[in-house]
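Here come two complexes built around subunit A, the first alongside subunit B, the second alongside subunit C.
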Partner chain A sequence: MNKYLEVAKISFKAQIVYIFDVCIAAVYMVTKILFAYVLWGAVFRENETVAGFTYPAMFTYYIFSSFLSQIELSGNVSEEISSSIRRGTFSKFMVIPAGTQTYFIAQTFGVMLFYLVFILAASVAWTVLFRARFMMTSNPVLILEAIIMIILGLVFMIQLNYFLGILAFKYLDISAFLMIKSNVVAFITGSLVPLSLLPDAVITVMRIFPFYYVTYLPSMLLIGKNTEEALTGIIVLSAWFLLFTVLNKIAYNKLRVIYDGVGI
Partner chain B sequence: MIHTKKLTKTYRLFEKEAGLSGSIKSLFNRKYTYKTALSDFDLDISEGEFVGLIGPNGAGKTTLIKLLTGIIAPTSGEISVLGYYPNKLENSFKMQYAVVMGQKSQLFFELTAADTFLLFKELYNIPADVYQKNLDYFVSLFDVGDLLNVQVRTLSLGERMKMELIAALLHSPRVLFLDEPTIGLDAVAQRQIRMFLRDVNKEKGTTIILTSHYMENIKSLCKRCVVINQGEKIYDGSTDFLFEKYQVHKKITLHFAEPTDFALPQGCEIIEKNPLKCAFFAPFESTQQIAYAMMRQYELSDITIEEDEIGSVVERIYNNRAGE
Partner chain C sequence: MIRNLRFIVALLKLKLSRTMMYRLSFFGATFVDGSLFILWLLMFKAIYSQVDSIGGWSQGQTTVFLGTFSLLNAINMTIYFFGVIEIPDKIKTGDLDHYITKPVSPLLRLTFENINIGSSPLIILSIWIILYGVSMLDTPIRTGNIILYIIFIILMAVLYYDMEVIIRTIPFFVISASNIQMLEGAIFEMCMRIPGVLFDRILKIIFYFILPYGIIATVPAQILTGTASGRIIAMSLAIVTIFTMFTLWFWKFGLRHYKSASS
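For the complex of A and B:
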């Protein structure tokens, strides 16, 4: 376990080197909050509620979902794996005594931790400064369930991107897979639009898939909504997590044998 | 310790005609060719040996290293390293070897070498006292104590390679695979790395398999060398014997201080000649005398003596085998 902790630590240390990135990430988050403040302020000027959301609930939802989608950095995993396979440098992960999937999970968590600290600080400072009306649940069970769901969701997203990344062993160029994934995920996770605005039938189908529980449901739980779905969410995410743990193991062992390690 | 029998590796290569029409055609009708990088290769290496792998570009040296480290899977044949089938990539196997590839770094460029060493300490589960002892030993061998806390990207190529070697050896591997570790380095750095590797092999008993284009590396380090050409083993034996038999001349280059009418010494073969510069091959055994004679006879601004290129040596072995 220590080795993966050290992998996370070294990724965190590598992030700190680039102080400009820290500032940009914080400014980006603040811009998102400002956007939400203006947009939802305008929408709620004429209406008391929209689709069952009050202004503070909508604003808070937006803050949480934006924050979660910003710390969800699993896209880097597929990019890094596929480019290192194409360049022939993936061998450096193959020769070290560590599981490649767990290595990438640890590495991504190290980077996430960095964003978590700095973006959270920027978000809190901003909301306090502008005295934004925040509506977060005070129920500790709900908060715990949301945290478990967030962790499981982030790990699942890394697993998904790991899977797409190792497809490069076979297809070399996986940009089409990545483009489809990023568009589908942006929509399904509710980071663009609260999913409750969509028809019920669509939401029912989405509940089978894990993306519903990555950003949307934890954000809803944190504002005290959809509480009855918390347990289902954790079970569905756990099932997907287990499925991808097995799938990735099989896929990696099957695909890596066709790796030629040519490139540089 | 290392055993291969009839080891073969064939790559499948995508091929397309040049130009836009070729690219469009290849969308619908993909063509592949097959290249055998290593063919029926037999090799046995014992613990503690220092073996050099020589051959021209594309001979199959790197492919062999990749097969032995498990990075790629063989197409056919037997392979065993430390009793393991390498491509199974078992952690217990990976704990016992290290590989350094000249053009593929294990270091984190944004951080210091010391940060990477700490990561390796945990990855290889190295006890704190062993880690410190090994680190002190290797750092003093290379005399790089003042570079440990410097960002890797700011190190020179030679300094970076020294750090790569230290990182690779921290866990006391039983086998060290080196693929062109001195490529692009200046003569001083090359010499330091040679001395380092000699010490590691002698003091720690580490088995080392080295591929290199530089004759000097092979000559001064490896008692045994294996010559590969087009995926086949064409020589396996004493390095001294190989060079005695097949290194027939050296290249002498003279730079004249003023335009000179140069007369080629007897038994030499001209490569390049103009009034200010002359390069020629001199017989191996009389290189020294010829060089002294040139220095006495002409007003020189510079003189260089180079070893035979590996490609030439390989060509001679190949021709010799064909003639047998």
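For the complex of A and C:
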């Protein structure tokens, strides 16, 4: 466990070099919040409530979902793995005395923690700047459930991106596929629009999959909505976490033998 | 003019023979951007399932807007995007030397040397989105509006190009402007999802006159749906003219500051 803690620490410290990139990431958040401010501002000028949301609730939802999508940096995992396989430099991950999947989880969490500070500061700044009425639940149980779900969701997203990354052993160039994945993930996690706006049948199907619980449900819990789904969410996410732990182990052991370490 | 056209055709042939080597990623951009616009279409469909209009715009108008942005993006991706994005790198590495020393305009060659035919199916997808939007409108579309719409699509494709070149000319002065380009990408993506009519006060000034992404798809969509005023049409024409003149001047000005490989 200690070695993974060290990996996380090193990744955390390494971000100091890229401090400007981290600051820019915090600034980018404004485009998502500005989107909510303009679009939903126009919608709520004509309607008092939309799908059970008031304007302050909707705006707070976007603050939380933007915050979560900004700290969700797992996309780097699939990009790093696939590009290092393509270049033939993945060997460095194979020779270190650590499990590759856990290594990437530790590395990503180290980076996330560094980003967390800046993104949190940016979230507060944008909320004040847009003079938004912030609507967060004061129920400590709900907040705890949301935090557990956020951590599980982040781990699951790293696992998913790890799985997609190691597919490069077989297919080499998966960059277009990864871009399509990030487009789809933005929609099905509720980063673009709250999932409660979708038809009931679609939401029912989405509840089986983990994406519903990565951004959407924690954001809803933090604004005091969908409270009855919290426990189900934690159970479903845990099940997907276990499934992907096994799946990734099998896939890695099967695919790594194709790797020639030469690169193209 | 004919000489330039022959040159562009030659560049296209060269590019085609190169891209055919990577058949799997040939249609990559089409799938990536196609999925993006379809998801945005679904996003607006979800919002319109709850409300009748957004800032006075019906679902049909918003769909026409999305289709128009998709069409402009498709034109951009097919014709000049992959050429223009290489400008900063060529300035930084000094590769621009090879362009300056050739008997043809460096900007012309850079613009057309990476035509990406693999993105062209996006044009068909965009037209489908526009037609879908038109089918949802209450009022019929007039022929005059269609002609003016086509003219404005060409003009806005030029404005889109102007904005891309201006941002990518900055490295002549600051060497690296990668963060400015990333910020530009984020702002542009935001404007792709918000009809310009929704901006007001300071945001309207920013996205109509300073970074005119707000008018790129909005004005053609307004023209096609018959809601554009003469004033907005005239203003858009003026913006395109000013930005095009500025782009050409700024490029030449930047080129004079080019320090070759020492950049």
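Note that in this section the second predicted complex is superposed on the first by the 249 of 264 C-alpha atoms of A that agree within 3 Å, B and C clash if a C-alpha of one lies under 4 Å from a C-alpha of the other, contacts with A are read in each partner's own complex, and residues count from 1 in each chain.
Just so it is clear, contacts are C-beta pairs under 8 Å (C-beta built on N, C-alpha and C of every residue); 3 or more make two chains touch, one makes a residue touch a chain.
Everything quoted here is computed from the prediction, not taken from an experiment.
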Next on the checklist: By the touch definition at the top of the document, which applies to A:L113: first (subunit B), second (subunit C), both, or neither?
Outcome noted: neither
Item to check | Partner chain in contact with A:P97 - subunit B first, subunit C second, else both or neither | outcome: first
Next on the checklist: Going by the contact rule set out at the top, does A:A51 touch subunit B (first), subunit C (second), both, or neither?
Outcome noted: second
Next on the checklist: For A:P199, using the defined touch cut-off, is the partner it touches subunit B, subunit C, both, or neither? Pick first, second, both or neither.
Outcome noted: second
Checklist entry - After superposition on the shared chain, which partner residues are touched by A:I143: those of subunit B (first), subunit C (second), both, or neither? => result neither
Checklist entry - Once the shared chain is lined up, is A:L255 touching subunit B (first), subunit C (second), both, or neither of them? => result neither
Item to check | Comparing the two partners subunit B and subunit C, which touches a greater set of residues in subunit A | outcome: C
Checklist entry - Once the shared chain is lined up, is A:N183 touching subunit B (first), subunit C (second), both, or neither of them? => result second
Item to check | Contacting residues of subunit B [partner subunit A, same complex] | outcome: 11, 66, 69-73, 87, 89, 91, 94-95, 98-99, 101, 103-106, 108, 110-111, 115-116, 118-119, 121-125, 151
Next on the checklist: For a test of understanding, state which residues of subunit A touch subunit C in their complex under the given definition.
Outcome noted: 20-21, 24, 27-28, 31-32, 34-35, 38-39, 41-43, 45-47, 50-51, 173, 175-176, 179-180, 183-184, 186-187, 192-193, 197-199
Next on the checklist: Can you tell me which positions in subunit A touch subunit B when the two form their complex?
Outcome noted: 2-3, 5-7, 10, 13-14, 17-18, 88-89, 91-92, 94-98, 256-257, 259-262, 264
Checklist outcome for this item: Listed in rising order, subunit C residues that touch subunit A in their complex are 22, 24-25, 28-29, 31-32, 35-36, 39-40, 42-43, 46-47, 49-55, 179, 182-183, 186-187, 189-190, 193-194, 198-199, 203
